[in-house]
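This structure is in structure tokens; I'll ask about it shortly.
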Amino acid sequence: MEEYVQEIELEGHIIDSLILPKVLDTIMDLGGDFEILDIKVGKRKTDTSYARILVKASSKELLQHILQELHKLGANIPQVASVDLKPAPKDCVLPDDFYSTTNHRTFIYLNGELIEVENIKMDGVIVVDPKRKKAYCRTIREIKKGDLVVVGNRGILVKPEERPRHYTIFNFMESNVSSERPNYNIIRYVAEEIYNVKRNGKKIVVVAGPAVVHTGASEDLATMIREGFVDVLFAGNALAVHDIEYQLFGTSLGMDLKTGRTTRFGHRNHLRAINEVMKAGSIENLVKSGKLKSGIMYECIKNKTPFVLAGSIRDDGPLPEVITDVVEAQKEMRKHLKNCGLVLILATMLHGIATGNLLPSYVKTVCVDINPAVITKLIDRGTAHAVGIVSDVGLFLKALVKELKLLTSSIH
Amino acid sequence: MEEYVQEIELEGHIIDSLILPKVLDTIMDLGGDFEILDIKVGKRKTDTSYARILVKASSKELLQHILQELHKLGANIPQVASVDLKPAPKDCVLPDDFYSTTNHRTFIYLNGELIEVENIKMDGVIVVDPKRKKAYCRTIREIKKGDLVVVGNRGILVKPEERPRHYTIFNFMESNVSSERPNYNIIRYVAEEIYNVKRNGKKIVVVAGPAVVHTGASEDLATMIREGFVDVLFAGNALAVHDIEYQLFGTSLGMDLKTGRTTRFGHRNHLRAINEVMKAGSIENLVKSGKLKSGIMYECIKNKTPFVLAGSIRDDGPLPEVITDVVEAQKEMRKHLKNCGLVLILATMLHGIATGNLLPSYVKTVCVDINPAVITKLIDRGTAHAVGIVSDVGLFLKALVKELKLLTSSIH
Amino acid sequence: MEEYVQEIELEGHIIDSLILPKVLDTIMDLGGDFEILDIKVGKRKTDTSYARILVKASSKELLQHILQELHKLGANIPQVASVDLKPAPKDCVLPDDFYSTTNHRTFIYLNGELIEVENIKMDGVIVVDPKRKKAYCRTIREIKKGDLVVVGNRGILVKPEERPRHYTIFNFMESNVSSERPNYNIIRYVAEEIYNVKRNGKKIVVVAGPAVVHTGASEDLATMIREGFVDVLFAGNALAVHDIEYQLFGTSLGMDLKTGRTTRFGHRNHLRAINEVMKAGSIENLVKSGKLKSGIMYECIKNKTPFVLAGSIRDDGPLPEVITDVVEAQKEMRKHLKNCGLVLILATMLHGIATGNLLPSYVKTVCVDINPAVITKLIDRGTAHAVGIVSDVGLFLKALVKELKLLTSSIH
Amino acid sequence: MEEYVQEIELEGHIIDSLILPKVLDTIMDLGGDFEILDIKVGKRKTDTSYARILVKASSKELLQHILQELHKLGANIPQVASVDLKPAPKDCVLPDDFYSTTNHRTFIYLNGELIEVENIKMDGVIVVDPKRKKAYCRTIREIKKGDLVVVGNRGILVKPEERPRHYTIFNFMESNVSSERPNYNIIRYVAEEIYNVKRNGKKIVVVAGPAVVHTGASEDLATMIREGFVDVLFAGNALAVHDIEYQLFGTSLGMDLKTGRTTRFGHRNHLRAINEVMKAGSIENLVKSGKLKSGIMYECIKNKTPFVLAGSIRDDGPLPEVITDVVEAQKEMRKHLKNCGLVLILATMLHGIATGNLLPSYVKTVCVDINPAVITKLIDRGTAHAVGIVSDVGLFLKALVKELKLLTSSIH
């Protein structure tokens, strides 16, 4: 059910004078609901008390009706005033006093109406199209001269995601990231979450670093793609090159993945893999030509699973499919994050942080890394449903794939 | 085959004058063998050259014979002089200028004979019993007034372990510890090593930290003990307490290991587990009484696998079996390390370093930890056969047990 | 001012019926104070509301008087019932259902009186002496047969430390440990805290690992001791040995601290330092003999600053002053923690955790370590005033000493 | 003095038949020099011996003359054959069997002449211009159809940098990265190295991550730029944005750097800083307009110190000066690395690895990071003169600037 909400404030002798119970009764009597966000009770008869209440209704009309009644009871209804808008003075330039977004679900009031900001992300700004009654979260580079940008704090409603009350991996763990957890059992819950997100018609986005290949888990990620558990893959040039090197020559940066041994002359294989793609013209052509027959990139192309390979200054090559302009790459990533239900970040700080920057706080996030400090950085961004797993990504993926298969077979 | 060795030096126009080839021929002709340790060739006719050669023979007598012949060819045979000995002035006090041992295989010359130092470890001293022609590595606390202690550097032969030329996990990996390795395949090699060490009649010593329980791997370590892959267990009070807490109450420090969730009032379980052991009088009694029916400590007691629980100042309790005096605990650990072929260090820096301090360099060492810095500290002690695996110890043990079972069933 | 407190509960139509404001007025009118711990307001007229209130008074008598009045107003005053006590069945054995302590300030009700538990620490139990009206926190090893131990949860009041509202280093920082903080400025606040704790007549306990010497900071810690900023030093054998090695021979584990270079034959210096102490009979004798003229241990002995050197199984030697029995060492440490105002933990996980286990939650804790995971482990124990600094301990101590000197000179 | 070198091999009864001494004499008699790279002496009269010798001469002509004489003595002179060349079949495509470069100084033989490969880096290829007798190291993206690319291994001479024999910070430290070093003293040596590199007319390149600002060291880096100790600055968008945010608003990502406290509404400052630059049109304009008056970017612009801001997908904004195309950014970085004598990498893995990929092995490298694993990754690339310092970058830079000032004043 869609929900329309408004925060109100009560101040004064609201307890002694029985205003508080009257307000609550009114809301309930009219068919609304409420949540007490904050309550402070005055210490002495002469002190005033204070309550901040979120009023909820199932339609805009009902919400408006309730608010009118509460107003009569003396409730202070802040922010019913519309947001303030100013035009952008130039392309890529914001009016001073612009409002900077969080990654929480955000609404604006515009002429008495509550409009959700689309495509919310952290550190963006809100551009409003008053005619179409639409509000968009934009980056500074997307701003065009004349865009109507929200300024100040008026008329904005931010709704942090509530932590779920029932048991999920996203709230059962103590807040701190720890390497001393029963990961084997936790992986089972991750598998279930992935399964449920898919069943609910949301997308699974996997963000993978090159360690996935180095740790010998490329077959496992390839299996996840083939079995339909990956809707989009975000990675860099290195993941693709190492994957292709491994498929063509059995090594990853010259290390034999069967033995962990560095092979003689093996370091050439890295550049040889790049050259094979260059000869074919693209990864896709290499698959079509029959030369690349397995692996992560192969499965993406065979199963038409979209992928974004974002460039970085560490890249060798890079491969033709790599988007070398970072602003373009961000745009492409953001496009694919729509309707995303769960992000699985596998051993990559750069791509993980980049993805985190683009995500609303209500998207579930699972981070796997051997370094707890990386996980702390990745999940510490106001995400409501984040779980960090300090583990070897190779052993993690092997166990995850096993659990996903068990789940699938137990259901079919 | 036992091998007797002596280093010799040649200096002068040994190449021009054909002394070098004559020396080498003589050694081979008399049935010995040699290794050229160092060779420097003079730049000009007038410059002298230099060679350092290790002469090897299958008996003391043969070695003496060869050395006599080489002496005639002008070879300088250093260190045939006996070691210098001085009596310890007091209990626990060394003569000044004592020789401080390395962890490499060490021999002393005593009246023309080469005697291996028994029980070698790092940072010990050598005490000689000339009558019984024996040499022992001792710690300073073990020194008794009047003990004959080796002083200076004369008459000592240190033989660092040669790195094996053929392929093993102990030499195939680049020197640096890395979290980006195909651990799944490396675990297979670890399993093979364990299997081979057992077959060769050497002991496997497992040194385990409490994370083994926290990460949900106590069943796996218990299985290894039951299946006979552990000859001695070194651990602290915490491992035993967490293991028993988990077996009795399903939690580890109050965390439910099935879900990773902290249970309400669960923190009491820690002290309850200790109290159960205290009531029984010992872990052994708790097993005998039928109250402790599974887990790591249970399997140790059932299978009569010796264990050393060494105390630390972090301990709660500690349990009756814990050796609370650290000097006593070290002695007990060292006793159990005799004939040890492989040490498996699982997620413990304190007990791992303590064990490393007591080990000769030729014992194989496998270290598993989530923190690469811990592994670097543990394996960086001149050990010839050490491998560090950066991994989640829970997933590691699960995979290791699987591989050990495959090996066992494939062989039977 | 000493404060006496009691939690009460109100339930029912406490807002509609104006009971809540009456209760609050009564408390204030009688000269008490209160804090609303929890308030839940019923949604409908027919729903009941609930409030949990902490009543505060300056004397036991006043508290009792207020509670009697509130009782008449219908307040539910829980836990006025005395604690339940059972005798310990044997030495070192607890009655089942014992109460396991937290590290927060804890009180018990005994025959209508509120008694603070002395020497509170985590995971202890409470032993009551009803005649002397005293309650003590004890470890299981300290329990004697017949001791009256608190069982169940009745009659216990736990008061977590409130986070201070004003600005201190202990509450200004985000919860997560981070390596990206302006440590230079934070060190200034640490210096001020140390200064203030001293001025308030509380003790500063420094817990130091051997890295203090390795990183070249032994002079700085020595200065802190000499200048009176350290009241007790907790450390292990290694700190003392490395400090003495450095003072006598200029190296630390054989590394020349002026250059960071490993010196030839330097590894002997470690055992030489131990032998010098053994010859003298003790560290104190080595100072008295004039051989040890500077450094951390020297300053402790010269300034009669107490120190506890607790043994561990890693120890070489250990030195005569080291307490090799860990249970004895814990007792000694706990003795010195009385009246401690601030603990400074410098690069040691073992001794840091051991100290943390013994500390009440209201003692200020500053942890410095290069590894964020160590800090997370150390400060994540319900401590109200803890700050973690991810830094090189050598550079940290140098900067801290500079700030302490500035403070001292600016005040004198 | 320029040095021309050639490796030769001797095999057979070279010791018995006195060929080895004759070869060495010949080289010395003709005015050349040599280095014995490898020598293996046959065990029996019938076994052959082997020597690999590097012949050195002060001119190409002399080298050729010596080699001719040695050839007569039976020396095997490998690789005098020219390199094999094949044209690139397409833009960005290499001939199969291309030679993949290391980062060591590399020469090719071309028609009897030894030519140094310009601009050497790891994982590049060698393109030869036979007419101009030039060889260049190129990346695959730089290859144009028809470029003559070296294939196979023939005719290539790789000269790994020799480790210096005298004492420098780059060789005095044990190989492993450790957090337990006397960094304060090591910083003094780093300051001296920087001083000497500058005096020798080589460039200092500083590669800096945003932690430089977060840890409160922007003033220190600004000072280094102002005092002329930085010739080029490599960084990302974040460093510039945080620096400008700090200069304009006193915060870094909203954290007050004086106190380490997160300021209310401070998170807006990040985007405000970007917007200020966007309004001005560029960082340079912001300086010219007088709005940006201090800090890292200010000093770069005031002192005309070149900087490369390379884009990454994490970037907010990014600022106009940021090169958003990563291939362009790499090119720009590589251009600035010519004549670089020392690279100082400050708390950045991404930019550090990118720079390392572009560097010849003989450039001195100093890496500072709080995470030892990052340093291991950064310096473990065959660099001859690399030193890793595990430290808080804020305290490091403060101490470095102090030492640089002491050096400067002591010399003037």
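All chains are identified by letter, namely A, B, C and D, in their written order; residue positions are counted from 1 within each chain.
Simple rule for what comes next: a contact is a pair of C-beta atoms (placed from the backbone, for glycine too) under 8 Å apart; a residue touches a chain by one contact, two chains touch by 3 or more.
Small disclaimer: the values here were computed from a predicted structure and weren't measured.
Relative to the C-alpha centre of chain C, the farthest chain centre belongs to D. Separation between the centroids of chain C and chain D, computed from CA atoms only, is 48 Å.
Spacing of chain A relative to chain C, judged by their CA centroids, is 40 angstrom. Here the CA centre of chain A is 38 Å from the CA centre of chain D. For chain C, residues that reach two or more other chains under the stated contact definition are 179, 371, 373.
In terms of which chains touch, the assembly is arranged so that all chains touch all other chains. Interface residues of chain A, counted against chain B in their complex, comprise 167, 169, 172-174, 179-186, 189, 210-211, 214-217, 255, 257-262, 370-371, 390-392, 394-396, 398-399. Residue ranges on chain C touching chain A, taken from their complex, read 15-16, 18, 20-21, 24-25, 28, 33-34, 36, 39-45, 175-179, 372-373, 376, 380. Across the interface of their complex, chain B is touched by residues 89-90, 92-94, 96, 98, 100, 123, 125, 139-141, 267-268, 270-272, 274-275, 278-279, 310-318, 324-327, 329-330, 333, 349-351, 353-354, 357, 371, 373 of chain C.
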